[in-house]
Amino acid sequence: MSSNAAVAEHHHVGPGEPPHIHHMDTPTAYGAAKLGMWLFLATEVLLFAVMFCSFAIMRYYHLAEFHDASHHLNLPLGALNTVILLFSSYTAAVAVTKAQKGDNKGVIRNFGISVLCGLAFLVIKSIEYTGKAHHGMFPVVWNEHFYEYKNFLGLYYCMTGLHALHVIIGMVIMVIYGILPARQNRYSGRYYTPVELSALYWHLVDLIWIYLFPLLYLVG
Amino acid sequence: MAAHASSSAAGHEELNYLNWKTGIWSWLSSTDHKRIFFLYLSSIMVFFILGGIAALIMRTELATAGPTIPSIVKDSHTYNVFFTMHGVFMIFLFVVPGIPATIGNFLIPLMIGAKDVAFPRLNLFSYYLYVIGALIGGVAMLNPVDTGWTFYAPYSTTTSSNVSLMVFAAFVLGFSSILTGLNFIVTIHQLRAPGLTWMRLPVFIWASYATAIIQTVATPVVGMTLLLIIAERAFGAGIFDPTKGGDPVLMEHLFWFYSHPVVYIMVLPAFGVVGEILPVFSRKPLFGYKMVVISSMAIAAVGFIVWAHHMFVAGISDFSAKFFSVVTFLVAIPTAIKVFNWVSTMYKGSISFKTPMLYAMGFVFLFMVAGTTGMYLAMLGVDVYYHDTYFVVAHFHYTIQGGAVIGLMAALHMWFPKMSGKMYNETVSKTAFAMLFIGFNLTFIPQFILGMEGMPRRYYDYPVQYQTLHTISTIGAYLNGFGYTFALVNLLWTAKFGKVKAPRNPYNSTGLEWQTASPPIHENFETIPVVTEDPYNYGVHKHA
Amino acid sequence: MLGLLGEQGSDFAHKVDYAHDVVTIISVVCTVLIVGVMLYFAVIYRQKDGKDHPTPHIHGNNALEVIWTTFPTLVCIWVAWLGYDSFVDMRTVPEGAMEINVTGRKWAWDFQYKNGKRTTGELVVPVDEPIKLVMTSKDVLHSFFVPVMRTKMDVIPGRYTYEWFKPITTGDFQVFCTEYCGNDHSRMLARLKVLPRAEFDRWLADDSEAKKLASLKPSDRGKELYVAKQCVTCHSLDGSPRVGPTWLKIFGREGKLADGTSYKADENYIRESILYPQAKVVANYPAQGMPSYQGQLSDDDITGIIEFMKTIDGTTKVELSQPTVKKQPAAAGATPAERGKALVNAPDNLCATCHSIDGSKLVGPSFKGLWGRKEKMSDGTEINVDADYIKESIYKPQAKIVEGYGPVMPAMYEGKLSEQDVNDIIEYLKTLS
Amino acid sequence: MAHSNHHSHDEIGHVVPESLFFKVLLTLLFLTAVTILAAQVDLGKWNIVGALVIASVKASLVIYFFMHGKYENRIIWTYILIPFILLAIMIGGVFTDDPFRSKPVPLQVTQQP
């Protein structure tokens, strides 16, 4: 994404060489890129923080409804998605180590698995959404019977919807900054910043889900 | 970028960042922080003018009780649209990007001896996010929003105007602000010149650093809150809408969680500017540098735990009101420390009254008024009376216009020689300052009195007994407006037609930004400076 | 002491004012001192003849820093305590306070007393007795602000909030809505009337109007309300055009709405139009013409009006009782023209509903340039607009109608506006030409 | 330039062995199973406390190992912690309010047809 702008400033450098950046030396650029990414992740966490806070308050007000409504979510699918995301996070972490060792094929393989996992996650998520809509538990097609779950479900769709958007963005980042350059043997022990940053972003997607899963599916 | 570095090599004395490349595209696509400063400055000034016109229309309408200019403000709805426009333009499009994105962009790399910010392309990207946000906001104004800039639910979730688009614009602008802040934090951490330790940083850098932290970590909160308003309007998420079991007061909490710290985004950099100006024109080190720095960081930190003082009568629990009232006073202490240190800097100085110094001294007065009236509003029992009256309006404008905008004007005058390479006419700029300073006080002192008499804010019409004060306030507003026009036209004219070339260091300052050419070359410094002394090293050392 | 906040109406007002006085004195003294010191430094340490002079290299002074950290801290603790103390009083309702229910809606305040009595826009309370207002909103956020009582609280849909005060003096006071609530936020005013106890009791017990209504059969009740609730102003019974559609044979009528869809005036449509007038506006009528009667009419009242509508056959007539001349409260102002302006703008005079002051054509002729203009009448004659004509048009609107306009202006001003009032309005109209 | 926290040799950053990542993954999966099982037992309000504690342990593992948090400097740790502190402040601040006042009850608004 945009925060990778600095690291992408490569002009005429050989494979595995760090890009020449006119206003800072390579270690500084590496430190800057990483700090920048972490700051960006901080803003992402705070984006979700608003919904966690709203969730806390709404749950406080509508405890019984939240409890009942959460039982209407598909726990097996949610659990499966959790496993998928954890695994994809693992492969993303491995991809960084591969890049550090100069194994560009390893980067492609591991990021590829992560992207596929992301895809699987989205497919399962859409199965869940359609199931909900089918039962009239979707804001536009409310079944009067489930109307009292609207606060829970409203938050559920906001939280998982925004999370799904992050999954998509994460996949795009991994393809553009991880897989495509790795096909040209771009990365080495001297230069692997984009891989590390893409992986960081993907871990954040996982991190958010680690909280979303128990809150939404288990305790309500 | 690297390819062009050789073309700006030393030897071509005449080349600077303004002329080393020409053509409109070289400006619009430039990643040079100084050119991005110009892009930002010209854009925010458009909205300063638009917001100012909206303000003058409102003031004219309010000059007499009942309809005053029905041909323009044809009914209360139109008036409500104008104050929303004024608020949204001034807050989201002018003051928030105001000092950080303009003066901050120009000065931060220069003051820390860097060639550019850490992520130059991200810097340009956040400018274009700003432009996109501004355009979306402009489109939203086709079916004008009438919620006020606070977008309180459930009015904002039920009104038929273009609220969704407008809050989305604010969301995009928020991301512009986040990316600017993020960029500055990394820049200050990573790109300081050799020898420039944290305790040698100019206070403006410290203030910008504190500002950048707030921008980065507070803005997402309002961004998400605004998205939830869209969700509420689009499919009834049931979070803020009371008819669906939501809680409108929760929306206020989340909104002010950002919108209180945002006041410090606006005013902290202005503190920094004043802290830069006073030592130069007093020829003295900044008094109590360490305390000034600590107080900047303290204000930023405390700013995050005081938000609900905007909500004492919003129906929050009494416990909450008491808690937030007490912590609010914590802000008063570092602010007071700053003022004391500024004034003490002038002690035994050698004071010259150039225009920036006048702005800085005017700032101290205006901010004293803003700060002390802030105490009224932090006091529970008194705030119950003053909440949502003209007292709040006046207090807010003393902080934001008297603080942030005067700070911006001070900075523009202070660093104008560096920015444009020319010297402006002191007499003209001093006259303009006098006009806008008098006009400002004439506008808002009557509003304090109106607040004391109980006049509520956001009123299109009012009982006749308030008319005299309103009329005075309107006259002041016009004087204020003329003052700004005069001052800005002076700067614009000088930049374009001015004859007097500015030397490298017209004020004989010790700041790093004055050690390079006026205007600076493309990559700021011929050679990266090495810092060996504390900032503001003026005056005669005792042992020397 | 300083009396900056004006008259004190409640028993805790003096505490708020005391806190206000203290913080005002502190503020003024601090500002004057600091700005004074700054200006003093500026004068004595100024560069003389534009020449720089040597300055000492002072970095700071720890003792001073300690002093000016401690001093504001102590001041803040004191001031915070004063605010806290007055707030506690404001939020602690005494035992046995008289409860009144307050409902905010766009854009009026409704009050209901324990005995069932309802009022709109007028809160009547006894003096020297704690009053607790239990408040909620029907639509968006509002805020109930009584400056003289020093009290204010937001009114929130879906929740009850409260505020209380104990009036210490009788009188007539202003109530504002202070939370922005849309178009007519600035008109969402109310009066607070503090009466001596005995007078209040008489007022509260006076349910003659309600009793009379309750004893009537539904259609007669509707007829009474037609006059009492000012429906008569805009809706005729004989088919003549006014601001709103005529009620002649309205029940069961079908037609087009402003949005192009059609409507049928059955019970539900009428009920909705009374409660939500803007929901379905009949084509060619002003969209914002009618105020909502939510909270002003009970279900029985609405049923009565519907029953009354069913009886209207063209022969129905109502007695328009002559309202007693009451002092126009809005008619303050120094000059006659200002008083006239206030009268024209007073919401209950309704002038501005139909007459613009900017020349735009509404239901009636614009006031702009009216004075001295030659107007062609519907009967073909031409008339000079002078004081007599205006006076006649106000008191007997149907006498002379300007060509191109309908005979729609209600004859409601005789008795409502005094001669003096009309003269003031004429003075105001002169200023518009 | 100043303050680069890394050695400007060929290698920058810390290489973490893949086997360590695998152990972390197993732990994470195990903790997920624990959460699901724990949720089947009704512990009253301790359910959510337990779920959040386990989630936080998992999140810490992800930050500490997957995201190389273990090898990062103090500045980055500051910015890792700030959002969580702010979230705590936000929820804490709002909870000074809500539990001390009445809860919102949807109004019986006259339904518009």
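Some observations on this one:
We just call them A, B, C and D in the order they show up, numbering each chain from 1.
The rule is simple: contacts are C-beta pairs under 8 Å (C-beta built on N, C-alpha and C of every residue); 3 or more make two chains touch, one makes a residue touch a chain.
All of these numbers come straight from a predicted model, not from anything done at the bench.
When C-beta pairs in contact are tallied for each pair of chains, B-C comes out on top. Put simply, the chain nearest the middle, going by average C-alpha positions, is B. If you average the CA atoms of subunit A and of subunit B, the two centres end up 34 Å from each other.
Averaging C-alpha coordinates per chain places the centre of subunit B 34 Å away from that of subunit D. For the pair subunit A and subunit C, the distance between C-alpha centroids works out to 53 Å. Note: centroid distance subunit A to subunit D, computed from Cα atoms, is 14 Å. Multi-chain contact residues of subunit A (touching two or more other chains): 24, 28, 31, 35, 39, 42-43, 46, 49-50, 53, 57, 61. Counting partner chains per residue, subunit B has residues 114, 189-191, 217, 221, 242-247, 249-250, 254, 315, 318 touching two or more of them.
Shown for subunit D are the residues in touch with two or more other chains, namely 1, 3-4, 75, 82-83, 86, 90, 94, 98-99, 101, 103-107, 109. Residue ranges on subunit B touching subunit D, taken from their complex, read 114, 189-194, 196, 213, 217, 221, 242-247, 249-250, 253-254, 257, 304-305, 307-308, 315-320, 323-324. If you check the complex, the residues on subunit D that touch subunit B are 1-4, 75, 82-83, 86, 89-90, 93-94, 96-101, 104-107, 109. By the touch rule above, subunit D contacts subunit A in their complex via residues 1, 3-8, 10-13, 15-18, 21-22, 24-25, 28-29, 32, 35-36, 39, 47-48, 51-52, 54-55, 58-59, 62-63, 65-68, 72, 75-76, 79-80, 82-84, 86-87, 90-91, 94-95, 98-99, 103-104. Across the complex, subunit C meets subunit B through its residues 4-6, 15-16, 19-20, 23-24, 26-27, 30-31, 34-35, 37-38, 41-42, 45-47, 50, 52-61, 64-65, 68-69, 72-73, 76-77, 79-80, 82-87, 89-91, 139-141, 143, 145, 147-148, 150-154, 156-159, 161, 174, 176-187, 330, 332-333, 338, 341-342, 344-345, 356-358, 360. Of all residues in subunit A, those touching subunit B in their complex are 2-3, 5-6, 8-9, 11, 20-24, 28, 31-32, 35-36, 39-40, 42-44, 46-51, 53-54, 57-58, 61-62, 139-140, 150-151, 154-155, 157-158, 162.
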